[in-house]
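Chain naming follows the written order as A, B and C, and within any one chain the residues start at number 1.
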Amino acid sequence: MNSSPVLAVTLNTFREAVRDRILYNLVAFAVILIASAVLFGQISIGIEKIILINLGLSSISVFGLLIAIFLGINLVFKEIDKRSLYALLSKPVRRWQFLLGKFLGLNVTLLVNTIFMTAGFWAALYYLNRKFERQDQFIWVAIYFILLELSLVTAICLFFSCFSTPVLSAVFTFLLYIIGSFSADIRGFGELTHSAPLKALSTFVYYLVPNFSDFSVAAPVAHGKAVPGTLVLLNTIYTLCYASVLLVASMAVFSRKDLK
Amino acid sequence: MTAIQISGLTKDYQIGFWRKRPWRALDGLSLEVERGEVFGFLGHNGAGKTTTLKLLTGLIFPTAGTAKVLGKPVGQPETFRHLGYLPENPYFYDYLTAQELLDYFAHFFQMDAGLRVRRREEMLKLVGLDSFRDMPLRKFSKGMLQRIGIAQAVLHDPEIVLLDEPMSGLDPMGRREVRDLIVQMKAEGKTVFFSTHILSDVEALCDRVAILNRGKLVGVGRLSELLRQRSGVEAVVECASSCSAELQHLASKPVTVSGGQYRLEIQEENMPRFLAFCQTEGVRLVSLNPIRASLEDYFTELSQSASDGEHVSSGVSAL
Amino acid sequence: MSRKVRAATVLAFVLAAWAASAAVQMRIDAEIAPYRNTSETLWIPSGKVLKRLSFGHEGLVADIYWTRAVQYYGGRRRDHKTDFSLLGPLLEITTDLDPHLMIAYKFGALFLSEAPPEGADQPEAAVRLIKKGIQANPDDWRMWHDLGFIYYWNLKDYSAAAAAYLEGSKNPKVHPWMKVMAATISQKGGNRETSRFLWTEVYQSTTDPSIRENALQHLNGLKALDDMEEIEKRVAAFHDQTGRWPQTLRELVTHGLLRGIPSDPEGFPYELGPDRKIKLHPKSKVELEEENEGTRS
């Protein structure tokens, strides 16, 4: 396997994102929101820090999500639609390499954006407290989980983007995100019912949809609680497994697709 | 060795929104292109030329049949090292500049930095975009996109070049340059396979042509051979109506009559018999004009007869 | 590789990776289960803030919160937890978002005020919720019934209960029994007849399964009390007729005082205790209501 075509596509995907104005708007907006948490926090005496951490992590996650979906739905579709793929795929690059490159490219983009937003967030935290505390290290874990989550969202987008229009992909991805965030409730609901098939179905759905609630540790982290190391490891493995399911499925679909 | 080998290639598109039904865009195409040839692929709009070229690059998958490039199945990364492709009305990443685009594509050929810069510079000069290297492709005109498209197709110095309507969108200067480029590539021993509906390009450049009509191959061969079918004379004669049967026999097309004058076309090889017939039967020759061998006429005629559902003259299909 | 082999490989890989993700998910669940339970909190504890944030979709958000409240309650019951501390806030938020969601008030009235394990044992919170409901829905006389009922049943504040029923009965659309209740409670305070009537009313006025289940349990308890009193009367009659106390209920049957050993509403036979009092079968889950009859206001 030669990774150089993948790398080339990755870098070009990143370059495309960087030249897109919408990205700057979103990142700027997120940073402003985080900064405003400082003002917001000062009204609620005693829990300024909790509010800042909650709002900061939520902003990073929500804006990351917006960027992931906005860019993700067009990742493959735009290249098919505008036919820029014709010239690319008549170079020595396999279709799966193209997809992998696109996926990694968007992940790099999200990583860089998150770094910017995180910098803004830490600055706000420092401005508020004038010091960092020991338990603040778990904020990094929360941010790492956000990145895992965004990576999963990217994989979902990529998958839908291989065979449906951007609007539909966005709707599907968003729905799956919502369902995935409440999947524990789906199972809880199944366990409350007395019907065995319904219970089985809800358990199946629980394991079928991506479980985004695994990644939401913002609230406990805001209260200074520690995140166990095993959870970090498990969530990483989970993301790898689930994203590879989506990636391989996307590659299988895409490798037989007529580029009309 | 054959450069391109196509056999029984067929493509159905699924059309219709609610009830999908197949639409045959290409129907059992068989064709061989030799190395070093300049091969013209002719057909009206919608004949199936683009479909064929996309099948040859593995962008779409055939319903039936096979295609091989340099003896290998299409779509393999290895074949793309030796194959360049200019898509129809090309479109490229509009956020890149011309230079960046060529650099990007060069990465897939594992050129080292020195070679990459050299090839890029050569290509930019070749297509006359030297001074637009830093302009984003978003601002390119159709002709400029066509030029950068040609540049990326030959960037890696491929042995086989597939060009889909290379002259379209170009100004007369541009067309001239593309012609020169094709001639130059032929001189370098490259194989050029290009589609077009502009006949003058073909007449000037091609060793052989194939003519496609509604997805079916209707003629293929050397230009001179295809055109010989059409060479001959047009004669106008006056004679008794008893001669009309024999005149029809000698003519290559149905004879038309107007005002007692018969107008007929006669092939080269029938000329001696025709002249002898005129002498013995006392037929008065009004005029005798050589028919100008034009691909245009041939093309129109073929297309017409094909759409009338007739078979093309056996001489042509046997080629 | 042929197409079929490739498709099979892809499918096998996808299934294997998915199974792996499910296995990891199980580990994650085990890992964060304790962590989740301790940190069960409302991150946005104010209905007013949520109303802003829902951008005009507060009806929908209210429904989501209502569902959450029901699931929270059901989940706690399922896990045999006795701490229902989130029930009040959840219902507060729900009714802030949609002040006309009647079932939320009724549900809250009952399960906030009930004692563990059925409820949160917060009758004051229940009263607050209902009063809020009355303010938002002045036309709904049943709210007064719910309020009076909390005073009557949980707080045993009969004057407040009677006042609530009286207030409710001023509504022109009201059922006549509301006025009767006001009078009965102010005269007799707590008594089984009134309790039975009120629980029947609770049972009949809703389709909510948890509420009905709860009301039925209480009605069963009341029925058992009736039964036990009746059997004790027969035991006394046995003593009158024979001059001795029976050792078992079977003696009453052979003596013709009972047609068979009677069973409680759950089907378990009643038992005769050594103190000549009737007891429930040890396995019976029927809950007897504590009674303080005749407490006058």
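The rule we apply is simple: a residue touches a chain if its C-beta (ideal position, glycine included) is under 8 Å from a C-beta of that chain, and two chains touch if they have at least 3 such contacts.
All figures in this text were calculated on a predicted structure; none of them were measured in a lab.
Novice: Linking chains that touch, what shape results: line, ring, star, complete or other?
Specialist: Graph shape, chains as nodes and touching pairs as edges: a line.
Novice: Going by C-alpha centres, which chain is most central here?
Specialist: So the chain nearest the centre of the shown protein is A.
Novice: From the centre of chain A, which other chain's Cα mean sits the farthest off?
Specialist: Of all chains, B has its centre farthest from that of chain A.
Novice: Centroid from C-alpha atoms only, then distance chain B to chain C, rounded to Å. What do you get?
Specialist: About 84 Å separates the centre of chain B from that of chain C.
Novice: Could you please state the distance in Å, as a whole number, between where the Cα atoms of chain A are centred and where those of chain C are centred?
Specialist: That gives a centre separation of 43 Å.
Novice: Which integer distance in Å separates the CA centroid of chain A from that of chain B?
Specialist: Distance between chain centres: 49 Å.
Novice: Quick check: in the complex, which residue numbers of chain A touch chain C?
Specialist: Interface residues on chain A, with respect to chain C: 54, 185, 188-189, 191-192, 206-208, 211, 214, 219-220, 223, 225, 228, 230-231, 234-235, 237-238, 241-242, 244-245, 248-249, 251-252.
Novice: Which residues, counting only chain B, touch chain A once they are in their complex?
Specialist: 13, 54, 57-61, 77-78, 80-81, 83-85, 87, 89-93, 95-96, 104-105, 107-110, 149, 152-153
Novice: List the residues on chain C that touch chain A in their complex, please.
Specialist: It is residues 7, 10, 13-14, 17-18, 20-22, 24-25, 27-28, 31-32, 35, 39, 41, 43, 68, 71, 74-75, 78 of chain C that touch chain A.
Novice: What residues of chain A sit close enough to touch chain B in their complex?
Specialist: Listed in rising order, the residues of chain A that touch chain B are 4-5, 8, 12, 15-16, 19-20, 82-94, 256, 258-260.
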